[in-house]
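The chains carry the letters A, B, C, D, E, F, G, H, I and J, assigned in the order they are written, with residues numbered from 1 in each.
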Amino acid sequence: MLFKVEMTVNIPPTLPKAEADEIKAKEKAYSQQLQREGKWLHIWRVAGLYANVSIFDVADNQQLHELLTALPLYPYMEISVQPLCRHPSAID
Amino acid sequence: MLFKVEMTVNIPPTLPKAEADEIKAKEKAYSQQLQREGKWLHIWRVAGLYANVSIFDVADNQQLHELLTALPLYPYMEISVQPLCRHPSAID
Amino acid sequence: MLFKVEMTVNIPPTLPKAEADEIKAKEKAYSQQLQREGKWLHIWRVAGLYANVSIFDVADNQQLHELLTALPLYPYMEISVQPLCRHPSAID
Amino acid sequence: MLFKVEMTVNIPPTLPKAEADEIKAKEKAYSQQLQREGKWLHIWRVAGLYANVSIFDVADNQQLHELLTALPLYPYMEISVQPLCRHPSAID
Amino acid sequence: MLFKVEMTVNIPPTLPKAEADEIKAKEKAYSQQLQREGKWLHIWRVAGLYANVSIFDVADNQQLHELLTALPLYPYMEISVQPLCRHPSAID
Amino acid sequence: MLFKVEMTVNIPPTLPKAEADEIKAKEKAYSQQLQREGKWLHIWRVAGLYANVSIFDVADNQQLHELLTALPLYPYMEISVQPLCRHPSAID
Amino acid sequence: MLFKVEMTVNIPPTLPKAEADEIKAKEKAYSQQLQREGKWLHIWRVAGLYANVSIFDVADNQQLHELLTALPLYPYMEISVQPLCRHPSAID
Amino acid sequence: MLFKVEMTVNIPPTLPKAEADEIKAKEKAYSQQLQREGKWLHIWRVAGLYANVSIFDVADNQQLHELLTALPLYPYMEISVQPLCRHPSAID
Amino acid sequence: MLFKVEMTVNIPPTLPKAEADEIKAKEKAYSQQLQREGKWLHIWRVAGLYANVSIFDVADNQQLHELLTALPLYPYMEISVQPLCRHPSAID
Amino acid sequence: MLFKVEMTVNIPPTLPKAEADEIKAKEKAYSQQLQREGKWLHIWRVAGLYANVSIFDVADNQQLHELLTALPLYPYMEISVQPLCRHPSAID
């Protein structure tokens, strides 16, 4: 089941750089793990912004919630979620 | 070059059904043609809405403009565009 | 799988009363059918508005989309959808 | 008398974890107490967000105000309230 | 039980003047009837606008809904509702 | 001359409780003094929010400004003002 | 007593030009009459828009309401009102 | 050349009172100097708010920018600018 | 003196195509005339939208107003204006 | 390929002045370097605001992203991006 998720990151300047770098490294590893598992189908950077547009493929709303709230950068993110389904004009 | 395009369709109830059906049929054919050409990479329906989330892969801004304004449903659409680029965490 | 759906109805004053009444009667029958099938879990009227707050229990995003777009009043509705899941403090 | 209440929680990162955990534990106990008393009829998590959609069943506006402002997390919440009533299409 | 209700009237210029005048006369009579019954506690004109700020005193949400949707001008109004209660600093 | 004034209070959690309590006590005394003088005609609590809806009866805009900016909680308030006048349907 | 009033004019293209011209001529005469009476203190055009920023000097809210709702273009205007008073830094 | 400028002041509670008072004194002197020079044509207080509505008469956009950014309170202000011109109905 | 002007065009589907085409032809001729005179410095199409971002170089606010309101498509445009000046980092 | 980029700068008052000055000096040098390279085509100051309107000419979305996120003031900026293309009425 597909969801579009948009994430905007706001890391406060008061967060020590070492700590921020560690969280970002964990975020990258976690994201790539979910991508390899086929749950985080797509992730694109929005040009000019510290934000991404993502497509998740999950079992249900509950799993989406668990995956998102476990993001290492979650406390610093603004998140919006839209449930998607197959478009009748899609050829894939 | 990738762009996220969100389209919301508002067909006025005064448009005769036959005319609306013809425009929708043309829209579907046009969309599938662009998908086959690899320019309209993804199209998803937003659950509950007469709207879609799409990813376009085009040569440049100019080509994106030409493809979108040639949509048969264009006069009845509200459109928003966001330029995307590769995300450093993407594995593909 | 649960979704909160909010629907606001705007019937144009130009729609003949007989036609509007027929659509509303179909809407009521359709809504009650879905309630009996356990798919439309709750429906409440928003006090003072021609609007409702509803909870749907569906198989997936696709089924939600099909149920909503088949609403007889759908062409006259503004709809917003939010995916829900179990709250860790819920006792039921 | 029914009300839809939407609560979004924003716990500042400067709040010590032990203190935050204590407030959350109190919030859960308080919520479950109100649920058992039949005043907090439903609570759902909004997928992906630290937010809930709730239905309260209270004697009047005054009681709703007292129950909400006594929430242990109240100082960290953004709250919106909508009065509901029975929908003429509801079968329950 | 008190509610603040704000009503903004938009009568379309296509509504014949005689019909508009008749609706307005009914609206005035209805409003004054509710005021005499003590259900429409206050009504003030917003300076410069075809809008009012009103305070209703009703038995419950259901009664508020019935009173508002029976307004002769209801089809031409935009309405917002806020539940009120006694303020701890009020002296009355 | 009447004005609707809506006040939303945001006391920062960093304000010491003793100081906050003192300001609130002064606010209550000041509000009740203005109510007794007939300048603060009505004050209602908005259910669920740390906010009020008030009606002021003042000599002119200048007096309204002076009364509002002298509120002990003024530095912590978000305020909106709307000039009111008698409604032609009012019976009082 | 001073008020800032902002007016944006939207004349529907369906209004016959002769009728529109007559209303505009009446509007101009009415505006100049109020300016000569000292009630419409200032009127400026917003560059690029069919809109104005005005300052009214009136006896009270009631008079402001009567002057504005008597504007020949009133049915075609979107209006916003803000009560003003003397600024402590003003030298006039 | 005329501009409407709206300024809303937000002095953080953490700014020491002596420092705030000094900035406000400089702001008043600066404002009155510009008024005497005929560049700051009008300044009105918005009733109930720490905000003003002003009219500037300057040589060009560049001069407006220089005058505004030199305001002693500029770092604490939210500013909006609208270019004005003579209204065809103005009698002055 | 420079201004950024953003124009969004909304031609109603009820406008006969011949009439719309004539207005667009006049618009193009008018725009190119102003460009040749150096008053309409830049015009860019916003990708995907029937909208443009333009830079005008005019004598003053008054001239900007006259140029914009004389646009053949003006009755069908939504327009926003921002006064610009030289940026201290600009090298030209 | 052209993009309109709007940047609004918010330097927190807690940033030491020496540090802020150093960042601004780097920003100016970086901006002028990009202007000389023909990538930052135009930069204008918005009158009255610490903000600019800019036109970038870049190879693709990716390059735009890299140039913008390398801005020394980037952590203190709010940025909006719009892809542009040639306007059919442009004479250049």
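Heads up, the rule we're going with is that a residue touches a chain if its C-beta (ideal position, glycine included) is under 8 Å from a C-beta of that chain, and two chains touch if they have at least 3 such contacts.
The chain list, named the UniProt way, goes like this: A, B, C, D, E, F, G, H, I, J = Muconolactone Delta-isomerase.
No experiment lies behind these values; they were computed from the predicted model shown.
Visitor: Among B-C, C-D or I-J, which pair gives essentially the same interface as A-J, with more than half of the residue-number contact pairs in common?
Guide: Copy of the A-J interface among the listed pairs: B-C.
Visitor: Could you quickly compare G-H and H-I and let me know which has more C-beta contacts?
Guide: Pair with the higher count of C-beta contacts: G-H.
Visitor: Between chain A and chain G, tell me the centre distance in angstrom, where each centre is the average of that chain's C-alpha atoms.
Guide: Chain centroid spacing, chain A to chain G, equals 51 Å.
Visitor: Whole-Å distance, chain B centre to chain D centre, using C-alpha means?
Guide: 40
Visitor: What parts of chain J, by residue number, touch at least two of the other chains?
Guide: Touching at least two other chains: 2, 45, 47-48, 61-62, 64-65, 81-86.
Visitor: State the interface residues of chain H toward chain G in the complex, per the touch definition above.
Guide: 2, 4, 27-28, 31-32, 35-36, 42-48, 52-53, 55, 82-92
Visitor: Along chain B, where are the residues that touch chain I in the complex?
Guide: Checking each residue of chain B against chain I gives 5, 12, 61-62, 64-65, 68-69, 75, 79, 81.
Visitor: Which stretch or stretches of chain B touch chain J in the complex?
Guide: 1-3, 60-62, 64-65, 81-86
Visitor: Would you mind writing out the residues of chain H in touch with chain F in their complex?
Guide: 13, 45, 47-50
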